[in-house]
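These notes concern the structure reproduced below.
Per-chain residue numbering starts at 1, and chain names A, B, C and D are given in the order in which the chains are listed.
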Amino acid sequence: MKLTKEQAQEIKDQQSQENKTKRVTAPELEKILYEAIPVLDHGFIRVVDYMGDDTSIVQAARVSYGKGTKKISTDSGLIKYLMRHWHSTPFEMCEIKYHVKLPIFIARQWIRHRTANVNEYSARYSILDKEFYLPAKENLAAQSQSNRQGRGDLIGGEQAIKVLEILKSDAEKTYSNYETMLNERYDGTVINENNLGLARELARMNLTLNTYTQWYWKIDLLNLMNFLRLRADEHAQYEIRAYADAMLETVKKWVPITYEAFMDYRVGGTEVSSKGKIIIQKLIKGEKVSIEDSGLSKREWNELMIAFDLKDKVI
Amino acid sequence: MKLTKEQAQEIKDQQSQENKTKRVTAPELEKILYEAIPVLDHGFIRVVDYMGDDTSIVQAARVSYGKGTKKISTDSGLIKYLMRHWHSTPFEMCEIKYHVKLPIFIARQWIRHRTANVNEYSARYSILDKEFYLPAKENLAAQSQSNRQGRGDLIGGEQAIKVLEILKSDAEKTYSNYETMLNERYDGTVINENNLGLARELARMNLTLNTYTQWYWKIDLLNLMNFLRLRADEHAQYEIRAYADAMLETVKKWVPITYEAFMDYRVGGTEVSSKGKIIIQKLIKGEKVSIEDSGLSKREWNELMIAFDLKDKVI
Amino acid sequence: MKLTKEQAQEIKDQQSQENKTKRVTAPELEKILYEAIPVLDHGFIRVVDYMGDDTSIVQAARVSYGKGTKKISTDSGLIKYLMRHWHSTPFEMCEIKYHVKLPIFIARQWIRHRTANVNEYSARYSILDKEFYLPAKENLAAQSQSNRQGRGDLIGGEQAIKVLEILKSDAEKTYSNYETMLNERYDGTVINENNLGLARELARMNLTLNTYTQWYWKIDLLNLMNFLRLRADEHAQYEIRAYADAMLETVKKWVPITYEAFMDYRVGGTEVSSKGKIIIQKLIKGEKVSIEDSGLSKREWNELMIAFDLKDKVI
Amino acid sequence: MKLTKEQAQEIKDQQSQENKTKRVTAPELEKILYEAIPVLDHGFIRVVDYMGDDTSIVQAARVSYGKGTKKISTDSGLIKYLMRHWHSTPFEMCEIKYHVKLPIFIARQWIRHRTANVNEYSARYSILDKEFYLPAKENLAAQSQSNRQGRGDLIGGEQAIKVLEILKSDAEKTYSNYETMLNERYDGTVINENNLGLARELARMNLTLNTYTQWYWKIDLLNLMNFLRLRADEHAQYEIRAYADAMLETVKKWVPITYEAFMDYRVGGTEVSSKGKIIIQKLIKGEKVSIEDSGLSKREWNELMIAFDLKDKVI
């Protein structure tokens, strides 16, 4: 990640604000407000605004006149209860806003979550930055043989070098041609005074999907947790997981009690189907179980065994 | 509106907070934060939290690193442009949260706006306050003869007195029976130690629709303006308009530039159909127009004449 | 439930339609299309339209050019997989529309699910039917002592009789006064030719919350399952559960494969927190567990024991 | 647009279905159901399912037991009234589903409309088709000088040839390298038996933004009209307008009465601000107006003049 001098200064200016407010504040989150937290090679997330804290959830659940807090232990019990029983609306009462820089192919995955507000940098209006995502070698994985939408073994040696060369040279080549068609460099200098520049809304189609874009993204805490549950999961694509992991840290600073309940019930928890429950019950009673009698498919069986770490318990 | 001593104290405590924040603040809105602004006979609205101000809209529209402000005049021009051209996403970047006390029949109208977050006081869990909406005499209108969903002339004299008597006595009677079934008064005293109380989720069905309820209601600025455009309109039911009018004042304190553009383009503006445009063009050229040649229905024609205050211009 | 002669005829006319279409159809659902299925004492649900069937989910998941079906067994496996892994968008590709008659206090619970399209019968515009919900004796439960938002023991004898009397007479009294204020009976006859009728939008406030209303309600399959999961649950209020149960039957006729997966993974399944997983693992290994060492609250512990039917296994 | 033999056959099979249904049907839409309507050089839209017709809007607005139709003239009057007064919920009662093939940079614009259901072809799971959008010469416009997000004069001669060469060769080059990294051609043949293929979720990042993707897209009629109003507008980018125009034709076949009202009130209509109304009123009275006294900015003034075709009327 590299910020221009102007960008770094603008961020500093924001951070030096010291306003008075009667609203609740989240002191740990205030400490990193506006800070650009690096993700991948050129990306970042920045928390640029927020509304509410753990007490706001309690306050809304009780529809109270005051702050909503009785004692921290009571609040914590209520938040856990709400999380366990899938209460949704109290968690919607907190809101957060991020500024994110991310590769376009990840932006396309991300935007599938519709319950957020988004303003993306417009390539109809402006010229995109000359920055592309190039994976680190340790993330250069082959297509998985067992899972059609996952990664398998690492690619190494000559082949890895070639892949990285392709990604780099194609991104640079297409970007350079983007400038040629625009008749303008990314820094604003005109290339040929006698030529017209192709409309920006057209020229952008020549860029590769690893080009970085950026957006403002605002979401309530409930929907943020839904997003993080899917995208911080080990089955998510590594590149979006990197963003989700960085965001999880900001949630921890913002609403620590909710974060803890979320990690316990959602991230670390598991679901068991009605058929799966019968297997578990038999195992507890010491009865024999077998995939044949279970009514589960092989895949389901394996997922259940993995969830409870049971591979050697049952043959 | 009457607050209990405890409620008044809780509000005072919230107002005495003085927190430091790096977030942007809206100084005029801070002044009335948490304050219960009376609406109707027992209702109120209170702003209990907010996110962003006018500069947040500009900042998001530009996807900028800094505060988004260049000069106030530039910001103002951009906000007007966005409003005029129905840009939606930058206005979604501001968020506000209200605590509202309102009669149930108005709550039912209000909740039809789905793009908000709501936590309502639960009558499965708690006992509702003993408060009912009784219209003031100057709002006791007859059914309109011309508009099937509007009000006509005022009702007066004996009939008005009778209506108010009915509303008052039926609300009191059904509330008293609500307590009887619950075997508990609204202040928590048990009525008959030997009886069970009917489940609250059942007993509530005996209450009338003018009973007051309350909720926390959180919404972004775009959707708030959509709500206010419909509900502060003269065709809206008086009782919900009273709430919308009070909320408009809070918007003015929160985002004054956006408020001004909203009043000019949305509230004070009008729409003209393609057929209506032809009429206007003819009128400007001094040509004769008639409803017969216009292709408009009588109702449409009247709406157009009213919008441009043209009733005596055309016969 | 009683339908007027005209209503019964209108329903019959709809059912006698026989149109040709190239769209997929759900033959079992067609059989009950438009039929008013009774719920509670005067309510009903009617399926009035639908889009898609099980194959539509498969088709969308594959973004296929054709019908999406390969073999039923393959489709079924894919649908189960999608359900198990919380894929959401393919289930959104089916849509259903209901006409529902229901008491207002249940309508208020129902409408909290925002991801549906609704048109409610307007009491600003029309006069509501003279129909109120009166619980059957076997549903007249006392407030639960252990669960602040649930029901406990049945209320019987004198007290039950009194409760039913109150509910009936208060509903009838307030409805009669509603007519008086409107100066019009529910059948349209004017009461006093010399009087004005109070505006409908005002008069309605005198009705009790057990008055029946009705609406058209349209929702996609994913959000319908979210609704049913919560509202067909034993913790849901009995009165809304009655509707959810009737709707579950229509889902079974509409998308039988999805229905089966839904019952297995959602309705019959359970969730286990990360702390709960450790307890289960210990139980399977035959180790001793105790609430003290578990990190669970008493309530959580009980919920886990109930989910796996383990009450006598652990002391 | 070219379909493979299999795709053409699958479409034919769908079109040869003849199912019986009690649902309402839209006969004109049935005629083109499933048909791939070409858009741009390789794209298409196909209507693959729909729910409801014009009568469904009327039925929902009236919450009726029967079909909702009285007479066509009455229905038409009601639909116009609903459109004129921005009633939204009755139009949400119709639903349509499209299969769309479109360039990625247009898909990114399109997806900004969040109120639809989407299933996109997964490039994590599958290999994208070898098809890229190349603009026709008559669409190769320069960046507008006056409007920062629009097109100006056409680019011609040598420069146009060069632009098209760049777009074609860069797309082919990056696609070929995509295959190299995947170690697999688009037709499934393996390139080098000794190599691993890079994970698809990574390899895709090398593709350019004019590569075609495809999705199933389902939306209700209200939100479809919101989409079309913005995207069939002359300020929309030509490439998305081409899709919107094709979709408008399908709306006309589906709900002809609604289509007509939409064209009159939304597409052909205009909005006038409160300041603009004063100008219009003065013009009708034959009074002089000037930009200086109007309170309008130059841009606003021009927009008003254009809307009413008044450029020579006022100097």
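Just so we're on the same page, contacts are C-beta pairs under 8 Å (C-beta built on N, C-alpha and C of every residue); 3 or more make two chains touch, one makes a residue touch a chain.
Small disclaimer: the values here were computed from a predicted structure and weren't measured.
Peer 1: Count the C-beta pairs in contact for A-D and for B-D, then report the pair with the higher count.
Peer 2: A-D
Peer 1: For the sequence-identical pair chain C and chain D, determine the rotation angle of the Cα superposition and round it to the nearest 5 degrees.
Peer 2: 180
Peer 1: Just curious, how far off is chain D from chain B if you go by their C-alpha centres, in Å?
Peer 2: Whole-Å distance between the two chain centres: 34.
Peer 1: From the mean C-alpha coordinate of chain A to that of chain D, what's the distance rounded to whole Å?
Peer 2: 29
Peer 1: What are the residue numbers in chain D that touch two or more other chains?
Peer 2: Touching at least two other chains: 89, 112, 118, 120, 122.
Peer 1: Okay, in this complex, where on chain C does chain A touch?
Peer 2: Residues of chain C touching chain A: 77, 80-81, 84, 86, 89, 112, 230, 263-265, 267-277, 280-281, 283-286, 297, 299-300, 303, 307-310, 313.
Peer 1: Using the touch definition up top, name the residues of chain A that touch chain B in the complex.
Peer 2: Per the touch definition, chain A meets chain B at residues 3, 6-7, 10-11, 13-15, 17-25, 30, 33-34, 48-52, 56, 59-61, 63-67, 89-90, 92-93, 95, 97, 99, 117-122, 214-216, 218, 220.
Peer 1: Once bound in the complex, which stretches of chain D touch chain A?
Peer 2: 103-105, 107-108, 111-112, 114-115, 118, 120, 122, 124-125, 133, 135, 139-144, 148-153, 155, 159, 162-163, 166-167, 170-171, 173-174, 177, 180-182, 195-202, 204-210, 237
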